[in-house]
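Each of the next two complexes has chain A plus one other chain: chain B in the first, chain C in the second.
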Partner chain A sequence: MGELRLESLALGYGAQPVVQDLTFSVADGEMMALLGPSGAGKTTILRAVAGFVRPRAGRILIDGRPVDHLPPERRAVVMVFQKALLFPFLDVAANIGFGLKMQGLDAGAIRRRVAAVMELTGLAGLGRRKVHEISGGQQQRAALARALVLQPAVLLLDEPLSSLDANLRQQMREFVQQIQAETRVTTLFVTHDQSEALMMSHRVSLLLDGRLRQTGTPRQLFYRPADPAVARFFGGENFFHGRIENGRLVTAFGSFRAPEAPGNGHRPLATIRPEDVRLDLENGDGAVTGEVTRTRFEGLATRVWLRCADTTVVALTPESRWTVGQRLAVVFPPERVRIFPEPPEKRRESLV
Partner chain B sequence: MVSGQINGRDVRTRAVGWNPRLAVLLAPALAVMLLLFGGGLALGALQALGHLPGAGMAELTADHFTRVLLDPDFPTSLGLTFHIALTSTVIAAILSVALALALTRWAVSSRLVHFVLQVPLTVPHLVVAVSMLFLLAPAGLIARLAAGAGLIASPGEFPLLVNDRWAFGILLVYVWKEIPFITLMVLSVLQNAGGELLEVGRTLKAGAWQRFRFILLPVIAPSLAAACLIVFAFTFGAFEVPYLLGRTYPMSLPVWAYRSYMDVDLAARPEGIAIGLIIALVVMGTVALSVWLNRLARGRETGR
Partner chain C sequence: MSRRHPKALAAGIVLSVGLPFLPLVLWSLSERWFFPGLWPQQWGLRAWQHVLDAAGGQVASGLLQSTLLAAVTAAVSLVIGVPAGRALGLYAFGGKTLAAVLVTLPLIVPPLSVAMGLHLWFIRLGLAETFAGVVLVHLTVCLPYTVFVMWGVFANYDPDFEDQARCLGASEWAVAWGVTLPLVWPGIVVAGLFSFLLSWSQYLSTLIIGGGRVLTLPILLFALMGSGDRPVAAAVSLVFVAPAFLVLLVSARYLGRRGLMGVR
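Now for the complex of A and B:
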């Protein structure tokens, strides 16, 4: 087991920088998701940790020791790739025992350790099968087993579930989570799927445009995004500017209580998640009025677009009774409104 | 009906049985194969068995095969033919694997590589053989240049590299001609799957030699074996290069077959064809042996 730490890491290909000034750590036994859209540099970071990409600057440390100078085969790190990439010329057991064979373990020890990890990963009885004789999910399990059998200090998973279909993917998410909990192997896994990151990991690091925007627990990133970009990434659709007056946020379409509000005169940006917006027929306290302009049924919920003065507000509600043209009370529960303080330079401008 | 699972889903496929439409569609290709190849082979076999009415021979007999097989020169010719085919194939295979690995590692632009490698493929063997003769003969270009540079006293001192005992000139032609073919076959496999599996190997702690032995070789083995078999079968049966660059005695089997077939004495023709059929049998036997060895090796690899 081990702790992984990246310090001021800069990565790139040719003249093209990919990641700059990246610092974060994964604690011993922790499962961290490196989340971001395609092209954000997630896989490049993973490949740098594995030793396939040389950092331009910064350090990579495992258990406090720098590993930048070590080739992949000498790092206490094993990477599981997006595709299972099992060796087609070996059977399942030989695939899983490959790394142990490379380390020179005797056949008996290899057999015992392979059997144990196959039991752990639910592959018992499939050892003699050829790679093409097992399903996609079993292939990914075999790839995971092949990595786990080496007992690495750090396990790297590069979107290992992205090639699976939706049902299998769900099963595998639970499976990987369970295996990580049992083995307590320090794990850094890359995904572009926010729900996968939120449900599988202890902590999430969000990478946008080659920069780390926020690291925290899944709840922190989801409910307490550090900035509007993070909020947008997690499905934030309602953003509105306002002015703080006596603890209330005054917007173009109404004012409401804002417990997080900074002092009077500030002009922050506020957001509320669509599922936190409440719709009602009766106009009660703290509500503003909006007219339904569009609705979309999405299975478990209905998405409703409302025009509140000149602003469009999106609500995601379990009720599907709303119709276009209806005038409704739109409620923003104060505890669900997230306020992003005005950046200092903007604040200075607005004061002038 | 065959059933199995792909990505956890049940999949059923119907085995292809007798299908008249399919037979009609395949008929033109099968007819060409059967008439031209099968017919030629049958006619050849008939002539090798002595059925040559034009030369006054009508009786079927195995005497021509027996005469060839019991000829004291046969083992020598067979050995020489094996030496030429096997040595050139092995050398070309080793150099091709090294070249393919180097090209993959240096990530050389694939279009340029393919162009450079395709050049020798387009040159006929006969042209290469004649070029080698001009280059390597005792009075050839290299001998004269060496003499001119003072490396040897006269062109006559230049080592014998054509019509020589070890068939050096013949090997050189075949190696030069076959390297591009084998390299392209191996390169396509390496470019498709080799790189990713090598990275897996590195992350699984395999060193450079282990990656070559336990990943690269098994990955390229099927293509390499197929390419080598094609090269072996071709070089074992080809006559023009040994005819031009080989010694007059002993002859390789294809040269012997050609000479017998072209002999002014028509009675020698059945022997020539018999040698041709023996060459075909040896090649088929080699293919069968290599397939068996390949299966054995795979079984060992997977522990079956």
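Now for the complex of A and C:
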């Protein structure tokens, strides 16, 4: 049980601000990914929630109650670090039971709860092993078990999978997701890997340059980015300015239907993801046309660069039949064109 | 080579460490041993009888005094050196280099000048010729080593272990006792042992500050050697080496089994 809420949180080390004006909530039972490039301040946020970093401003609430004044051991928040950090002087079972022992539970109760959580995390039978006698994946699972056994209000995961190799990481993603679904523990997990964030979490909060840019479901962030920076983070390309005329976006290289378009006279920035751009042999039917300038085979798809008037359009297509020099029709499916809302001051200008 | 011939290696170590002690053993068991004899002309237990019987009380009290002094010095050295090593190993702070130089200084300055300089102060402070005064002068030698050993231990120490324990519900005290201590324990054993043995073998500083009132084993040893009785000096030397040797042996076994755990 636990709802985590951060209100106008500001964090920093010394004179260096790391995160500013951070407000978001993680609902009870929700798994939220805190996504951002390395150095965005994600880990600092987790450390603040856990109580290791004192916020410069703002509040942290768990189930509506501020916890800022509480020391880490009394917050009912458990963090799982990047490294498993199993205590080498204890065996696996004693590691998992560490928190319960700190709570003063009797040996029998500890044994029962440790056995149950080891069953849940697939570690049954490894309790007497020394920490270095189990594999890296098992160590990460033991670290997770050590946190879960305490039934924390909020579980914090600090890139716990980044130290594992690719295959194991994929298994562990599914494992963590499944465990979270079973235990319904409120989870905030930090990652710099966008696909990990998208596939594992109910909602994603994207942090760029010390600010929260957007919070939403994976689909919302991917298909309806709040601003160009969010779109770029998720691999967005093809940004172009245009003018709205009767529900069409008129650009330097052609015009196309845009259902999201605001009223006439607006000059918004628009984008379309490379994989949404459709290429076809020229049909001369008023469509945008472009000349292929470069192609790059990327396995599942081929990336094609096209010159449309003075603008370069990038398309990512499963077909690999296009060659440099070809003239193609470039189709932007209207429902895939994202038109960014203009900042207020800019909109005023364009209306004048 | 050591993997293929573990026994040969062990024998080599035992020989190279043990061989220098052989003349001491021979001397302590000799009655008459003149040049150019390779062996004593006459064997006997006179030296041992003297050490264990006639001078037995003196030797026993010297042994006790040395042990007590070394133990207290090692303990104080750890109480100061462990936090200091932690600060140097884990944190960046202004004047860190200066602190390191100051810690090393007593090792660079000749021990005689350290002891003589301190002697004047200790007389004024009433510490001369006291047990506490000798502990303090021994600390000038032991503390640098303790700080350096613990500095190294904490430089390779992962403080995230402590945060991990905190959020698992351990108080600051529980973390210090139940997490930090076991993680750096092998380092503490090494540093404590260093201090113990350094204090154990102090002669000059004990003589100057203790002024003949604090009679440790080395003080006795020098007195006996000065008398020119080689067999007796050899026997006392063996008595002197035995406890230190024992401590080393036990700790080597202990450390070999456990290794350094808190190290990343």
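In this section, the second predicted complex is superposed on the first by the 343 of 352 C-alpha atoms of A that agree within 3 Å, B and C clash if a C-alpha of one lies under 4 Å from a C-alpha of the other, contacts with A are read in each partner's own complex, and residues count from 1 in each chain.
Basically, contacts are C-beta pairs under 8 Å (C-beta built on N, C-alpha and C of every residue); 3 or more make two chains touch, one makes a residue touch a chain.
None of these values were measured; they are calculated from a predicted model.
Taken together through their common chain A, the two structures put chain B and chain C in a clash. By the touch criterion defined above, A:A270 lies against neither chain B nor chain C after alignment on the C-alpha atoms of chain A.
Of the two partner chains placed around the shared chain by superposition, chain B is the only one that A:L168 touches, whereas chain C remains out of contact.
By the document's definition of touching, both partners, chain B and chain C, reach A:E73.
Between chain B and chain C, B touches the greater number of residues of chain A. Of the two partner chains placed around the shared chain by superposition, chain B and chain C are both touched by A:F87. Once the two complexes are laid over each other on the shared chain, residue contacts for A:M102 go to chain B and to chain C alike.
Legend: residue contacts after superposition of the two complexes on their common chain; A:S135 is shown touching chain B, with no touch to chain C.
Shared contact residues on chain A (touching chain B in one structure, chain C in the other): 50-52, 71-73, 77-79, 81, 83, 85, 87, 89, 98-99, 102-103, 146-147, 150. Taken in their complex, chain C has these residues touching chain A: 158, 160-161, 163-172, 174, 179, 182-183, 261-262.
Remark: chain B residues 4-8, 196-197, 199-207, 210, 214-215, 218-219, 221, 298, 301-304 touch chain A in the complex. Chain A meets chain B in the complex at residues 50-52, 71-74, 77-79, 81, 83, 85, 87, 89-91, 93-94, 98-99, 101-103, 128, 130, 133, 135-138, 146-147, 150, 164-165, 168.
The touching residues of chain A, when paired with chain C in their complex, are 47, 50-52, 71-73, 75, 77-79, 81, 83, 85, 87-89, 98-99, 102-103, 146-147, 150.
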